[in-house]
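Just dropping this structure here.
Each chain carries a letter (A, B, C, D, E and F) given by its place in the written order, and its residues are counted from 1.
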């Protein structure tokens, strides 16, 4: 079966990561995966939420789609006075995933907030947010070290994410919107540089799936994540970790 | 290693399911998994949200914790004017999981809302909500058939859920709160009666985990879910499907 | 006239009070008055709202109905982003009533919050909340004394509540939902162990009523409240006050 | 005991009612009871809330204090995104009380909303809102008849309200703020032209009170309400009912 | 062309300013411009928002219309859980305008909040709020000096405001609602006692306008503002500045 | 005096307008004025708000800053459950300004919403939103004509906007953030292709200003707006109007 954009089943969409697309944030990256465009900004603040253990830091994320990021305009969250439940789910995922990349004790009593704003959404916005958010996070941490605010980089290792899915009984990597909307099974995978899992969300939207299929989807994702982490290394200089 | 409550690594907590604990809902069940108690009520309404295809029905869920369900009192959502993001994430999971159990076309233009209110939370409240919510859902559908509103039961098959985790490098089934708060990896699994996956959420909170560990956690869950579905069959008469 | 459930005009519905139905709260009671079921939990916190005089404590209440507590499902308050005005009115009543039972100076700088969550509502939920909330409150105070946090019990005396009404020109005690919806006059009474009034809310919904009828309704309520307080004494051991 | 403003125990504060203080509303009255000033406006709209029986009308009320109505400025409800629970309680009381004055069937499918905005609050704002709101309501109904929209006036009879209380063991009528803040028992009474009760709210804030005291407080109120209704008659021409 | 109310093109509506219409606020004025009635109250509080420089004070405003201030009833902001965007725009304008009248350093660490509540709106409510709000502000500052809280009056000079507009190609001063709703160009002007501009808002609602017209509108306004400031001086005694 | 970025007093910052930066919207433009970057998207919907006259269309705008558009991170509106009053003020200005460019009757029963999301804010975001929003609007209208949905372009003429200000008694065009924060007078001007005014907002933040200065500021703006409209013509082909 050939894919709508001619890719092979295990091929990522073209990735572009533009660092410093905006310049006020401590770290920022515009990530483009095919037609999906997410602006990721990392902000460092010298305070932590209450639940954080004494002396440690925190990493959190906020995710939002611009009203016309999609094929149809949607109302702003503030107009409905509600954070969209989908955004709530996604920003919790991004936060957990990026926290896994950071030694929170080494960060000290600081919060890094990763704002992921989807300028255009064509599938895979949550995984693009994690992959791009990681760059923003790493750049912000680098700045903390370069500014002698931290003695060493609190980033422990690479983290990237990609989706896979089962469309017409075929396993495909990195679904675009059109594929995603036809997928029977949707699988989002966050991994580190060692190919180990940090987060998995699998959903049998159209049918259930077997443990074997779960494993195959995860393997497919690990192939894509290796390539994404190679890209991250290239951008960040790969010096640290 | 012995568990805090003396269970074996692959042993569920005692389960009690009381149907008709409240009587106005079309279907209801109070599910108790150890000290976790969730009241699940299914309400049938003759209208569907806009996005539902013509002629089809919908199944959705709402999840909430009573303010004193936990060891410490928490503020009500309405006091904060915000659905807790955690509740938003969980109710989306419950909704997706239970929709997988239902032939939405056979349901017709109806919405079944499953309200899952946690009276007491000692770990595993989201999976208990799915297992108990399924009972409420099935009872409500049964009533639709018995009342000659539907010609046949729209429930396609069983759905139940359980958690597993890695605590001190040991894989454990059905974590209680104390185990959950010490778990390095947290894994929630929703399966059907054929042992196939409907939803998976895995989180490496304390460390990353391997594809092999993912598979083992899923297998452990499938053992627990088999027992939960046996319990569901017992309660529902097992006649249908 | 015989009542719908065969009771005499001055007869309460069967009362069941289950203490420790949930176990994390400092005090808790599931109160059932006929088909009305309210879960009451008392939480103790070591701080008071600003308006409380220095050194004194506070008792407050929150009241809510689960979405399917009634014959029809209702939206959650958080979905509407508004505390229901009816709930606002009721929780202020519960708070005032239970504060009357407590020596706030003896409580010290603590707040006891009584959460009254209606699992099923068949009339009389506000009065059941007061009667059951009192048990939760008294149990929490007992625990403060037993834990040597307070030298003596700050509960000054018993408090219970019941409704009465005029249905078809007949005065009836403890209206169930069906009676309540046909009542011309609705009367809610909170009294102490000496048969004195703490709160009264009378409403001529269908017609006005005379001062004489007001007195008779209050007398009818005092008969029911005596029985409710006897029940409270039985449960609490009656030792204190 | 002499009262702070020299009144006798059973004496009302001076009452001024200015009709048409504002002119766009279908009916309006600025009521002043001592230093308490409430602007009451009645608005007629040709639709009713869903719960109203077919063909019938509805009367409802909204109550609010201007931010600087009191000795200290308070935040606006909209700044807190919450209707104050006290306002919620009071506007429900006003609505119920004024509905008792109207034949809702005769009103037809119309809603009359009585907005009671407290410009200055010196005690007794809820009862002033009812007494003044009645004038606004009656004027609006008069206009419906004069405009040939209704064949006959749907107002069935007079309704007015006043407070009483027990201060230093003395029963006093129409408490001002200073008396109210020292009252042990606070009693609000709504009555019709026949001296019958429509609503009663009694609160033992500082101590409990006896059935006898309840009766005496109601009698004291009935004296004040007779005078208030005389005032209403004077203003409205007394022609109707 | 003759105006609807017989005024000349450059004539203000009759102005009445009643100070101390309410008495709890530190300063208050009921301003009536024709049928427009705005109650302005100044409240002094001993704290400032965070953004204010150390040692300095702050002046801010809140603006709201009562629900029946207009020809049709409108919903309260709190019912919509949103400050109306129009109110937001207007209260920012009032705040900026009145801050221009005050030496914030001389005010010290205090906030003066000017609440402008429109009891009846017949055009020009924002400019009436500024003119009347100035009186409330000046009275409150006078009280601070008289009470020896401040050594000297922080009010630097007079501030008043008026609207003008182009209706049927004619420039008119102080539009009433009917004129305003037909105006092609709407112009709001805030000036000081020297006839200099503090704020201008010009809107070509029906057509664009020339720089020459802008100047003429401003001149027309300056004529009206001179008269308004004369009125302010008369009321305030004109002693200060 | 030389400006911080070396510009002459009447010189605009470099302008870049990228059309189709995102591709789902009916029209879109990323406008960059110096370091200010605003993404403007026009969405066409086949319905109009209630207040719009029968048969006519509507143009409205929404304005928002991404949380890290500024030097410091700010909370999202949805987190505060409030549209920022500043955003409310600005989006009303943008909406009024762009409506002036459109023949609403020719648009037919359609709403065009212009979303202006500030990716980076370095002063002049409201005027950049108008200038860029105009491009998005014009592109969307062009598409309606090209798609034969409208017989002729409803855009009547050009509209652009720029700020000016008085800094150290010097009149400067197009203030950047640093200049803006030191400006004594801030002036925002919206004009059409004929150099006529559509909207003016002038604020004497640090001092009052004369009618003569007002005129000079407007003239300075008209010089900048001529250049901005030249740019717009270049991008849009200048064919229409």
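We adopt the following convention: contacts are C-beta pairs under 8 Å (C-beta built on N, C-alpha and C of every residue); 3 or more make two chains touch, one makes a residue touch a chain.
Only a predicted model underlies this, so the values are computations on that prediction, with no experimental measurement involved.
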| item | value |
| --- | --- |
| Set of chains whose contacts include both chain E and chain A | F |
| From the options A-B, E-F or A-F, the pair that copies D-E, where over half of the contact pairs coincide | A-F |
| Distance from chain C to chain A - Cα centre to Cα centre, in angstrom | 50 |
| Geometric centre distance via CA averages, chain C-chain B, whole Å | 33 |
| Intercentroid distance (Cα basis), chain D paired with chain A, Å | 59 |
| Numbers and ranges of chain D residues touching at least 2 other chains | 81-83 |
| Residues of chain B that touch chain C when the two form their complex | 21-25, 28, 35, 37, 39, 41, 43, 45, 62, 64, 66-71, 73, 76-79, 81-83, 113, 115, 117, 119-120 |
| Interfacial residue positions of chain F with respect to chain E in the complex | 81-83, 85-86, 88-89, 91-92, 96, 100, 191-192, 194, 196-205, 208-211, 213-215, 218-219, 222 |
